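In what comes next, chain A is part of two complexes: it sits with chain B in the first one and with chain C in the second one.
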Partner chain A sequence: MDKNENLRKDLQRVAYYPGCALEGSGHAYNRSTKQVGKKLGLDLVEIENWNCCGAMEVKNIDPEIQNFLSVRNMSIAKHKMGFDVVMAPCNGCYHNLKKAEHDIAHREPTRTALEKLSKKSKVPEYKAGDIETIHALDWIKHAIGESNLARQVKNSLKGLKIANYYGCMYTRPRHIFPEKDQGENSESTSNPHFMDDLLRAAGAQIIDFPLKTACCGGAHTLSDCDTSTRLVLNILQAAETCGADVIATECPTCHTGLEMHQIRAEETLNITTKPVMLYFTQLLGLALGLSPRKLGIQENISDSLDLLRQQGLA
Partner chain B sequence: MIEFSEIESSIQSVRDDPHSVSDPAMCLLTLGEQILENWLQSHELEPTINQHEGFRLLALHRQGAINDPSFLACRETCRELAYQVNLYRIKNDTAQVTMMAMVALHLLYFVRGKLEVQQLGEFCCSSKPLRTQKSNITSR
Partner chain C sequence: MPIHEKSLIRPENLREQESLDIDGIDVSGPWSTFIESRVVNDYNENLEDEVSAFPGGSLIHRCWQCGACTNSCTVNAINPDFNPRFWIYLVRLGMEQELIRDKDIIWQCVSCHKCTHVCPRDVEPEGVMKALSHWLEYKGHTPKSNSMHFDEEFYSQVLKTGKIEEGRVIRNYFNRTSQPLFQNWLIRMVKGMIRGLPFVLMIKMGIATLLRPKTRNWKASSDAISEYLDERVEERNSVINRTDQQEGKHGQE
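Showing the complex of A and B:
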């Protein structure tokens, strides 16, 4: 059995950390991730009694509390459920779990603080390397691979022009993702391509556009809405100019931001943009023959059904 | 210091009519530098004339992030602009100018927003708490 086959086997059944957003605004992402996993024969086991990772806010009060919130989930997955891999589809959760892993491995003050907090809250102590955190993109890319995926496609995404938007937290800061930039088969932090690889395998025409990892202003949408609208509008216009019909997303915050500020740009700036937003799992699900309803496409704010009907996908 | 509104208009002019200037790539790169100069001057710093990896833009960004790690949040946008300039130099395709202009506008919106809202960028991946790695818990 070669290294890739071993890796595939290890990822057939992983601990699943959906995070808060996937129970709320990103529900369709949760639903489509589970449906695609099921269709591909992969098994997701939700972490028991999981908690919020602290999102973007808690670290500004205390970074070690933020680390502990992530570590508690990783500890449950490892010590109570016996998993070695946690899959987190939300960029914010994925980023926070990776950052906690990095800090435990490299910072004595973090280890001391987390030891204290773990004892106090009676959570089994987590050690660096106990768990490997992966994103939904890593999961499908490594557990299935492009050629296997292509073989299972029932409705090709042929004719659909897709710009893939990765957002900023999937690749930054680089030092918390030591597995990236490791040559062939690894993800690139400067030019991520896993979503491109998977959707291309499903038949889509991938449109390259220069703002695929640019900031969408997601965390500022409440405090500085106008800046967020300008940033999102620029992303939408760049994708449209490059010829994209669809912007594929892999983060609930980015996805909701793109949807909301597309409407806000129409209302406040009178600027209309055409691309529709779909989670990459929804697109993969359509290609695998799942119905739009099963994939939660009706839950999206961005109305993609007309376009999908034109393409024979709905 | 050149007003952001003026820089924004200049970027949009180049985007809408790349032939209005002799070298649109160089023009957009210069406008990108002006955006970063505004950031530095507003922090009472003298913008560097040095280059990093062949671009003054990248040197200006590094200078701007020295005492404010949250400014690293726009590093990739600066690098993308430099990359787009290189692409234009290879292809000499005016269609590339539209993309360059959008990247330059992204930089402008981010930096302008950051000057208006002190905390913009603080929540990002390169935010201060992450970079300074100061623990409050351990001091208690």
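Showing the complex of A and C:
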């Protein structure tokens, strides 16, 4: 083990919050996350009877209701299941759990509202610090680490040129992620690199990609299609110009948004872009020797099988 | 008065003369552009309180106009008229009529959170944009935006079952906004989705569409949420009614 990697034993078994998107459009992300976890000997225990986190919508109806949705899930993980860590692979869920944690710790009106809502809903009271929320990237990075991962690689991703796309909710706003920007081994909010680190350890060629945290217009992907298509095109064309074959994603909304508006740009603007989209867990799974079918690669809308066959990965 | 930065002035407030002679001095050319002088007297002194009462707007009073929000804004990069700093300024001054001029674009905030990320005063400008667009709709300045339709559809499903089923959200949203579901790019997307879907999963997703995923024993939470929202809406209405009473209008229904 690299002495710089401070691996955490407590992440071997964590509570798992898949969220609604991973049961729908992001099912391939759900499947590949579970498969990669299993292959690496990590345990995921799904939160019992979880509810929606409210995504980017419920907060516009009322921010404290959105906080309550997150708190109910965290409370179940803590008080009914006895976990200290919740892993959420969806950027939206991850963001909302973090936001609730931040507001409880820093805002009196939130505490008052949540106390009321929890009491009436008969949800055990959640207190700041009861749960640590992590992303799937944190999970693999801190439970396994790059050198362990590199040792388990069966099919190196060598030759695959990847641009890593993190989207908005994984790093913004910085104040809800107090553990980030804490120097070595921590994630950076201005230049996130956990996905770069993991995929590089799996052998991939990581492309310098300036739009890592640009916005894909995900919140308005259907309500303001033209804006979203334009924002997605920025990302796809920048990745292509930088020489990427693949855009690796870590969020079901970003992933589907990129796939959807790549098609829409072709249909409505007649602009074709080449990069294909794959979840980072699918790429890691391939490197670990899992079959494309097990990782749900043919379930993606973006068709990457030809490229993967050329690279000897499928 | 002659001006130098024309871009900051609304075009209708500019007066340009082709040639102009003042006291025997020729001031033709760039010096002949003037701002129409005016006195603003239609303030809504409660505007900041009103916007604060809408979800996301409660921290607007903290703003000190540094402009970091506008500089970082995703939508501003596409449309320079999309200017969160300026709108916050107008709200705090109570310049309702000025604000209404941009009513058709305010809802377009994509919630990328770049503004909230860089804001040194924790104003949460992203939330303020949402509050502003709801305020515009509530006051009847704009019809309900597509974004609001989407939010309401989403919320109604969460309230009812504790979870959402994406297919249902999309179908109902297209229905609410009277958009055709059969558009070339959507059809291609669905085809792409079905192409690689294993049979068993397709059946499972079909069943989810019919039966809807549900959180068990959700009723207590659902009731608590409804009750809480009713209280918030009542509070909000009372803030707006206060303005209307001050202006001698009838209260909101």
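Throughout what follows, the second predicted complex is superposed on the first by the 307 of 314 C-alpha atoms of A that agree within 3 Å, B and C clash if a C-alpha of one lies under 4 Å from a C-alpha of the other, contacts with A are read in each partner's own complex, and residues count from 1 in each chain.
Following the convention adopted for this analysis, contacts are C-beta pairs under 8 Å (C-beta built on N, C-alpha and C of every residue); 3 or more make two chains touch, one makes a residue touch a chain.
Owing to the predicted nature of the structure, the values given are computational and were not obtained by experimental measurement.
Superposition of the two structures on chain A leads chain B and chain C into a clash. Within the superposed three-chain model, A:P173 lies in touch with chain B and with chain C [touch as defined at top].
Legend: residue contacts after superposition of the two complexes on their common chain; A:N30 is shown touching neither chain B nor chain C.
In the superposition on chain A, A:P210 makes contact with chain B only, while chain C stays out of contact range. In the overlay built on the shared chain, the residue A:T253 is in contact with neither chain B nor chain C. Judged by the touch definition given at the top, the superposed model places A:R230 against both chain B and chain C. In the superposition on chain A, contact of A:A238 is made with chain B only, not with chain C. When the two complexes are overlaid on their common chain A, residue A:L69 makes contact with chain C while staying clear of chain B. Once the two complexes are laid over each other on the shared chain, residue contacts for A:L117 go to chain B and to chain C alike.
Once the two complexes are overlaid on the shared chain, A:E267 sits against chain C while remaining clear of chain B.
Looking at the superposed arrangement, the partner reaching more residues of chain A, out of chain B and chain C, is C. Residues 56-57, 59-65, 109, 113, 116-117, 168-169, 172-173, 214-215, 217, 219-220, 223-224, 227, 230-231 of chain A are contacted both by chain B in one complex and by chain C in the other. Across the interface of their complex, chain A is touched by residues 55-56, 58, 74-75, 78, 108, 110-114, 116-117, 119, 122, 127, 130, 134, 145-152, 154-155, 158, 162-167, 170, 173, 177, 184-185, 188-189, 192-193, 195-198, 201, 205, 208, 213, 215-218, 220-221, 223-225, 227-229, 232 of chain C.
Note for the complex: chain A touches chain B at residues 56-57, 59-65, 95, 99, 103, 107, 109-110, 112-113, 116-117, 168-169, 172-173, 190, 209-211, 213-215, 217, 219-220, 223-224, 226-227, 230-231, 234-235, 237-238, 241-242. For chain B in complex with chain A, the touching residues are 72-74, 76-77, 79-80, 83-84, 98-99, 102-103, 105-106, 109-110, 112-113, 116-117, 119-120, 122-127, 129-130, 133-138. For chain A in complex with chain C, the touching residues are 20-21, 23-25, 27, 49-52, 54-65, 68-69, 72, 109, 113, 116-117, 120-123, 168-169, 171-175, 189, 214-215, 217-220, 222-224, 227-228, 230-231, 259-260, 263-264, 266-268, 297-303.
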